[in-house]
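To start, the structure under review is shown below, and the notes come after it.
Note that the chains take the letters A, B and C in the order they are written out, and that residue 1 is the start of every chain.
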Amino acid sequence: MKMKDLIIAAVSGLMIWQAPCEAQMLINGAGATFPYPLYSKWFDEYAKIDPSVRFNYQSIGSGGGQEQILSQTVDFGASDGPMSDENLAKAPGKLLHIPTVAGAVVVTYNLTGAPSLKLDGALLAEIFLGKVTRWNDAKIAALNPGIKLPRTDVIVVHRADGSGTSYIFTDFLSDVSKEWKKGVGRNTSVKWPTGLGAKGNEGVAGQVKQLPGAIGYVELAYAHQNKLPVAEIKNASGNFIRPSLESVTEALASAKVPEDFRFSMVNPPGAKAYPIAGATWLLVYQEQKNPAKGKKLVEFLNWAFSKGEAMAAALDYAPLPAELQARIAEEIKSIKY
Amino acid sequence: MPALHHYRRRKFVNALMQVVTCVCALLVVVPLCLVFYHVLKLGLGSVNWAFFTQLPKPVGEAGGGMANAIVGTFELLGLAALIGVPVGVLGGIYLSEYGSARLNWAIRFAADVLNGVPSIIWGMVVWALVVVPLKTFSALAGGIVLGMMMIPLIMRTTEEVLRLVPNGYREAALALGIPQWRTIVQIVVRTALKGIATGVLLAVARVSGETAPLLFTAFGNRYWNHHLSEPIAALPLQIFNYAISAYEDWIRQAWAGALVLLLFVAIINVSVRVLTRDKLARGG
Amino acid sequence: MNAVAEKLPLARARRFARGALADRLFKGLAWLMAVSVFVLILLIGYELAHGSNLALRKFGWHFLISSDWDPVNEQFGALPFIFGTLVSSLVALLIAVPLSIATAVFLTEIAPNWVRQILTTFIELLAAVPSVILGLWGIFVMVPWLRENLFPWLRQWLGFLPLFRGPIYGVSLLAGGIIIAVMILPIITSVSREILRSVPGLQREAAYALGATRWEVTRIAVLSYAKKGLFGAMILGLGRALGETMAVLMVIGNRPQIVASLFAPGATLATAVANEFTEATTDIYLNALFEIGLVLLGVTVLVNGLAQLLLKAVAGPANAQQ
């Protein structure tokens, strides 16, 4: 008897508790960990502006974002690797790529003293191919005279999940190393020749922080927020550039953005441009199935491009240039709900 | 004399093995002690009022809490119990009171096999059954997967407990003309109620820590869950997400979450032991 | 029942009939709930088979022997995951089985009552610790300790074996095996204890009567008598080890590969699904993951089934298992 009463009480409790919260709408999104620090800030701020809607974003990686929006289990996806043509063809409706910001993929590492290292594309490719295995290798020392490098093993850390950050990084490596392009290629999920796998940008940052001698690639915000050192990478002009808001903005300036907004910006020509940078996109269906949610989504997007972009700089993401934002505003107008 | 020499050696081996087995027993206990110690040490400082009442903060900002994850876990457990308890208890009743020897053997075997199915496979199956048709991750899916996992557990414990009820009770009731179903419900089950409740509690404690199946059913939620068809946060999920990150604040909160979860599970298990010891002492 | 009803007054007859109906309904309901276990098993099997249809057709047996897991080129071979699962489970068994059986012996043959109570409580508590908490502890306490202490020691003294060569990351197949060992210790211990307890006292007494020491009694009369049951306990532990996901995921390094060194990172069938499920963008990718699930299910069901059969055969139907 007592058990039955308890159950009845619990169920009634659940039902009653559901009621007053009906008014608030929940919009679900999933995908890239790359822009997660910025998006979570955006959703937090937007909740103050429009308390009737909440955006629940789960950072499961760009691969996850693409899959979930394709199977329509979320209302919007996020990815820093543009969706391939075949995947776009599989989508049940026209899927729009809406670029939001650009960010830097930085190379971070765990060495005592956290020295500031200089690396170039060819060397990075060799490290991630497993050819350079010790920190005091001649090739690393050549680029970093004056820094005492230990004899320890280089422990490569890469993404175990499908990742847009991986896409941007492998895009760069494919650009600078023929061997990489042929052997591994560029994608959100590749067959890494060596190294440990970690989940999300958070996971890679976590592993690098934990493992002495580790080297990995993460989005700039993650390196900064976790006080991890970043390497200066040699760009196409031959200069060693530190990843920053300015160097990413430089890289963005020379990017050519086609009609469907899918573009790559690795290894750009600018003298001060950071070579390993990429844009990140929100994946939204042009025809929104749920009118109420569609309306709120469009309102949020408009807010993101008027007020949200201003918050990007504080987190070291480069806001998009004005002409590009104007084009995006047009694209947002095309969303029907 | 060879016999005496042998005897001394045998005595030595005897003493040695007693020491060895004692040491092994202590070694088995060591990981538990270490885990408790570290969870307490690293989590206690972070279990504060904010932790229990606040929602997670944006990425990189310190502070915030796991209020939604804690409530979410309870909500999921409630849903799971709604599914697991009726099916498990009634199934256990069937095993103990009805059925043929062969059918019951097969059912028990199947239940034991189900108990051994890895939790991640449950997650995949419920994803295909609930998440895909509904086109959303949801608290419902999370509750269903946990509930399904509870069914074989509760079924077996209920059966065992009901078996312990002396047959005399049943016979007396039937002799008085009470229909069989009422005999079972009002006399046998009532007598064994405490045992059934402890079985349910143990099953609840067991699924409360499950993370893998929730990865693709409950999905996680940065906010409060307001509807069964929405994703929901859960304590083990949140602990996992924070634990694999690099943010010190998240890791701190992961330890705090681990402490809360561990205490929840430990308290249930210890109280169950105390209750059943009482029962045994009183003779059933 | 009808004949009786005919002879009784109508009201009582009606009550009887209602009672009979209620009885049947209740029994039917209970039966329905009980056979739901069959439904669940069939459902699991069906969903996994259905979900892996494409991959089964495309790869066939090749899936189990190919080590090429390449989502980009849509080539899926599960051998590295099978390897990781087997190695980590084997390591776990090698560590856990001797410890558990020794502990079971201690608990049943040697320990005084109060010690037994305390120890059993501890062991049941260990069984209750959720996998994710062990994983958390694994990442921040166990793995750094292994990396700084145990692994270098192993490399130094046993480095002549290919098992203990190569760079030390901390996260590794060995770390995965150790954490699984911690998780299966309680189940092997408690089942072994049941087995040892069920050895008839007569066996022990006979040995004592012949002048055996306590250890010899244990060895000759108890352990060899209980061999089959203990083997069953071991297989049960293996079954549990095969399915462990979260804690393993957090300490194994997540690198699908087949290597000789235990210090190298690896991946298991369960961790593969956990890592890649939400992002399988192509149908064949998702099917391949479902096929991994099918393989895992098949293996765990076989192993658990074998264990249950062994244990039931030894201890008899009255000895209910976990």
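Quick notes on this structure:
Note that contacts are C-beta pairs under 8 Å (C-beta built on N, C-alpha and C of every residue); 3 or more make two chains touch, one makes a residue touch a chain.
Remember, predicted model here, so these are calculated numbers, not experimental data.
Contact with chain A and chain C alike is made by B.
Looking at which of B-C and A-B shares more C-beta pairs in contact, the answer is the pair B-C. Each chain gets a centre from the mean of its Cα atoms; the one farthest from the centre of chain C is A. Each chain gets one centre point, the mean of its Cα atoms, and the points for chain A and chain B are 37 Å apart. We define each chain's centre as the mean of its Cα atoms; on that basis chain B and chain C are separated by 15 Å.
Shown for chain A are the residues that touch two or more other chains, namely 30, 198-199. Contacts with at least two other chains are made by residues 244 of chain B. Counting partners per residue, chain C has 139-140, 278 as the residues that reach two or more other chains. Contacts from chain C toward chain B in the complex involve residues 19-20, 22-23, 25-27, 29-38, 40-41, 43-44, 47-48, 50-51, 98-100, 102-103, 105-107, 109-111, 119, 121-126, 128-137, 139-141, 182, 185-186, 189, 213-216, 218, 239-240, 242-246, 250, 270, 273-274, 277-278, 289-290, 293, 296-297, 300-301, 303-305, 308, 317, 320-322.
Every residue of chain B that touches chain C in the complex is listed here, in rising order: 10-11, 13-14, 17-18, 20-22, 24-25, 27-29, 31-35, 38-39, 42, 86-95, 97-99, 105-107, 109-122, 124-125, 127-129, 148, 151-152, 155-156, 159-160, 179-182, 184-185, 205-206, 208-212, 215-216, 236, 239-240, 243-244, 251, 254-255, 258, 261-262, 265-266, 268-270, 273. Chain A makes touch with chain C in their complex at residues 30, 60-68, 70, 87, 133, 153, 155, 160-162, 185, 187-192, 195-199, 207, 210-211. The touching residues of chain A, counted against chain B in their complex, run 2-3, 7, 10-11, 14, 18, 21-22, 24, 26, 28, 30, 36-37, 40-41, 43-44, 54, 56-58, 71-74, 198-200, 202-203, 205-206, 208-209, 221-222, 225-226, 228, 315. Against chain A, the residues of chain B that register as touching in their complex are 57-60, 75, 78, 81-82, 85, 131-132, 135-137, 193, 196-197, 219-224, 226-228, 230-231, 241, 244-248, 250.
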